[in-house]
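Same chain, two partners: chain A is paired with chain B first, then with chain C.
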Partner chain A sequence: MLRYTFNRVLYALPIMLGVSLVCFLLVHIAPGDPLVSVLPPDATEALRRQMAELYGFDRSLPEQFLRWLARAATGDLGTSIATARPVAAEVARAVGNTVTLAAFATLIGFTLGAIFGFVAGYFRDSPLDRLASALAVLGVSVPHYWLGMVLVIIFSAQLGWLPATGAGPGGSTEWVWDWEHFRHLILPAVTMSVIPMGIVARTLRALVAEILSQEFVMGLRARGLSEFAVFRHVVKNAAPTALAVMGLQLGYLLGGSILIETVFSWPGTGFLLNAAIFQRDLPLLQGTILVLALFFVVLNLLVDVVQTALDPRIRRA
Partner chain B sequence: MAERVLEIRGLEVTFRRGEERIRAVAGVDLTLAAGEALALIGESGSGKSVTLRQVLRLDPERTTEVAGSVRVGGEEVGRLDRRGLRRLRGGRVGMVFQEPLLALDPVYTVGQQIVEAIRAHEPVSRAEARARALELFRLVHVPSPDRRLDAYPHELSGGLRQRAMIALALACRPQLLLADEPTTALDATVQIQVLLLLRELQERLGLAILFVTHDIGAAVEIADRIAVIYAGRIVEEGPVRAVIRSPLHPYTRGLLASRTEGALVKGRRIAAIPGSPPDLARPPPGCAFAPRCSLAVEACRRSVPRLEPFAPGHAVRCLRAPEWAASAA
Partner chain C sequence: MAAPAVPAAAEPAAALVRSPSFWRSVFARLRRDPVALAAAAVILALLVLALFGPWLVPVDPYASSVLRRLKPIGTPGHPLGTDELGRDMLARLVHGARWSLFMGVTPVVLAFFLGAAIGITAGYAGGLLGTAIMRTIDVFYAFPSVLLAIALSGALGAGIENALLSLTLVFVPPIARVAESVATQLRNRDFVEAARASGAGALTIVRVHVLGNALGPIFVYATSLVSVSMILASGLSFLGLGVRPPEPEWGLMLNTLRTAIYVQPWVAALPGAMIFATSISFNLLADALRSAMDVKG
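For the complex of A and B:
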């Protein structure tokens, strides 16, 4: 197991390097001059050149990449063109906000998804199953920006119960654990939880039904185990697959959602990415994409290792 | 006669599947005394497994209709409540399945499963239960039992897996062991070892065994009596020697004849008997075997013959048997 983990980490290193290169190239291959957004339209050629030199845009691409990579390795992602603040600080704050949102959305989505999935799988083809399955399908098929807007219309515009945008009172972008901030979290988190809820519910329904159809379940009953004990066996059998699906869902949520964060003006990574693209803020864009991409590599690694650790059939193979 | 461990009277089991009603068991009577081994043999789909499962009421209640009586140690199984049923399952009656790899939970070690089963029935500590599990593994001759208890089912060989399954079934010292084709999934040499183990356990523990098999050789090896089932009904029942030497039912004779042409293979049709078993959703009004029987007369097709005693302890469900036996003698 240790060896497997070590190997898996080792494999992840070249992937990370490749990912960095792709991040870098994607941004540089895109057409357009990154300096357009910071220079006045009538800027002189000398000023242009000076700025390009300052940001390193005058060097060759391989050189730019190596310098960027070397600095990124030490945690320095450069300076945002638009705000002139360190990219690392901008990204760190956005990541914090996105994680808060994702954690809460996950809590809602997984709890409801697991309940719906187990109920539907246990009572397959009953009215309960049909209700739970319908909710799950709704969850994955309703466009969530649309749902977000509907929720805003109902709970903010009509009822006035909850704020529609931002992460805190007065456009605060710094998260604090108090009721004023929490109120801002509710609508985006509920909107965001709908997809993992649907996916977890559907996966678990199929999984539980499949496990219950296996002969060993009758074997368990034939030993005189209580229904609760049988349920425990079902949970343990479902755990590796369920955790893998949940891990990936959690990953997608942690990656941030441009749509949801934009609809709710939630100052997370998706929002930041959106801003960086529209302002053609190359260093910020590169830094954000790199952090997100590396995060997915690590996430996949974790899911693999945890899933392996949980399943004795793989663990000891 | 010794105490009756199992008594099945007029058992009928019908499964509802959509509009269809499948009559898997159409009237089974069986009696098993303490320490006795009975082999239930018959073609694929004849209702052997369903009969066995009904002893523990393992079929889903929603889609299964059951009539008749099943008594274990004199207690009517159909009248037990949930708790009574749990005490019966694994407590007084243990069950062994055909394919232990499918019948054991893959993500628990065999030791954990035995400990869990013991603790479901008796208020003992984990350590005590573990000690008993070790004892059971010795009883069923698992080599290095301590280490094997910590193995997952997939880590054991087929033979060891089946031994572990038997140990699990015996965990709470049942009086009755139900075994559904316990050797079918095993290699030939391992089959014999498992059969020998079952016979040894029967003698040492005074265990009554009801076991289903396709293998007449296995039946002869460990059974005291044989019951032959066809289309959900027992068609012949008697002491092993009597049934093998002088079979009374034409179907039994066909089964025995097919044995000389090679072992009975699960799922395969029996060569010596032309035709195939009736559709259980639309059973014929008379003897279910009549359409395939060379001795059948008009009366056979009108009504189902009764299971009549013929010799001491030897009964047959066939109108032509007395006549035929007389002419053969």
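For the complex of A and C:
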């Protein structure tokens, strides 16, 4: 197991390096001068060159990459061009809010998805299965930003039950564990949860049906085990895969929250990305994407290691 | 956003090497599947709208009017109401089919060709070249798809070409992975061995034996990505990164109508319903196609 973990980490390192390179190059595929948003339109050539030197844009690309990487490794992601604040601080503030939202969404989605998936897999081809499968297809097909709008229309605009935007009362951007903040979390979290709900339900339906068709289940039944005891065996066999899917979905939600955060003005990384894109704040864009992508790689790594620890049959390395 | 579902490496293997009669029986099975037929009908209707919409609804989708802003559904002369600039919603939704389908389907088509070429090259060549290609693909695969799409089109800047380019790059890695696994399996099949033994060159083998047998499974996998692509493409326009005003594109329309949800909520929700209908139809059709091919024997 240790050896597997070690190999898996070794495999993740070049991926992380590659991910960093892609993030670094983002600034350089961008058309135009990245300094254009800080410089006054009538800036002199001398001032332009001075600023380029300050941000390091005057050096060769490989040199810029190595310097950027060395600084990023120590937690220095550069300075936001629009706000002149450190990118790392901006991202750190936003990441907490996105993690809160994504974690709640994963929890809701996984619970519902597991219920639908088990019901559908157990009663395959029954009306219950068709209903659960239909819900799963709806979950993966719905444009979530539109679902968010529809939920706002129903629960905020029409019924007035829940707030439509923000993370807390009075434009609060810090997450606090109280009722008011929780009320702000409900709509975005429910909107976000439909994606993992659909995927978990689809995966578990196929998995449960497959496990039930195996001979050992017939063996358990033949030995007279109660249906509940058989169910426990099915859960044990399905758990490693289910947990892996849940982990990966959490990663996808962290990286994919931008549309939902935009709809609900949720002060997380997606909101930050949106601002970075439209203010052409490339260091902020680069830093946010680097943090989210590395998060995803590490989460993938953890999921693989945990899954292998739970289920030695899939040890691959 | 949906994870371009776990590239089912094992799945194409089952579908490898089928005769022409196999495809005929797949379509025979599809014809008996009511869900597949309904989904296909919706897609066909959308295609008709995209191709002939301007003739079916000969109303100017750009004609705005300050007096007729945000009329409700059922207004005489405007059966689906008007938007925030007083433009006819029915005309805009119908004309929007062209933009939205184009933006959603094009990236998958481009990624199908690119991904298949890259994956088959890597799988058939194997060795150092294959490994180098696939490790590069892995780097892009390591990004969540929504994040990569937004990162690329955010850096490149708003615009149709940039949005198409970003989405294509998002779908190349998963398709290349499936193509690579299919090609690797094919490489070691007896009939490829036989072709090689009888003196066929590498190009001939790839063209006749590998392409002929690999494109089917890769195509089926690619169809399952269209639904995600529709949602993502409209999502980019929704963020202001894709199609630009005043063009009628469903994601963009949804964005500009967001301010109207307290005035005409159901008019504001209409463009999203179109995206939803398109995406679910492609999803159901892809599912039906997969299960029609899955039957053993």
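General remarks:
By our rule, the second predicted complex is superposed on the first by the 311 of 317 C-alpha atoms of A that agree within 3 Å, B and C clash if a C-alpha of one lies under 4 Å from a C-alpha of the other, contacts with A are read in each partner's own complex, and residues count from 1 in each chain.
Throughout what follows, a contact is a pair of C-beta atoms (placed from the backbone, for glycine too) under 8 Å apart; a residue touches a chain by one contact, two chains touch by 3 or more.
From a predicted model like this one, the values you see are computed outputs, not experimental measurements.
Because the two structures share chain A, they can be overlaid on it, and in that overlay chain B and chain C fit beside each other without clashing. In the superposed model, A:Ile186 lies in contact with neither chain B nor chain C. In the superposed model, the vertex angle chain B-chain A-chain C (Cα centres) comes to 80 degrees (nearest 10). Contacts of A:Leu162 after superposition: neither chain B nor chain C is touched. The partner of chain A that touches more of its residues, comparing chain B with chain C, is C. By the touch criterion stated above, A:Lys236 is placed in contact with chain B alone, chain C being left untouched.
In the superposition on chain A, A:Pro312 makes contact with chain B only, while chain C stays out of contact range.
Of the two partner chains, chain B is the only one touched by A:Ala222; chain C is not.
Of the two partner chains, chain C is the only one that A:Ser141 touches; chain B does not reach it.
Across the superposed structures, the minimum distance from chain B to chain C, using CA atoms, reads 16 Å.
Annotation: chain A has no residue touching chain B in one complex and chain C in the other.
Considering their complex, residues 214-216, 218-226, 229, 233, 236-237, 311-313, 316 of chain A touch chain B. By the touch criterion given at the top, residues 1-3, 5-6, 135-136, 138-140, 142-147, 150-152, 154-157, 227, 230-231, 234-235, 238-241, 251, 254, 258, 261-262, 265-266, 268-269, 271-273, 275-276, 279-280, 283-284, 287 of chain C touch chain A in their complex.
Residues 53, 56, 58, 85-91, 95, 97, 99, 102-109, 113, 116-117, 120-121, 152, 154-155, 168, 171-172 of chain B are the ones touching chain A in the complex.
Residue ranges on chain A touching chain C, taken from their complex, read 14-15, 18-19, 21-23, 26-27, 29-32, 137-138, 140-147, 149-150, 152-153, 157-158, 195, 198-199, 202-203, 248-249, 251-252, 254-256, 258-259, 262-263, 273-274, 276-278, 282, 285, 289, 292-293, 296-297, 300.
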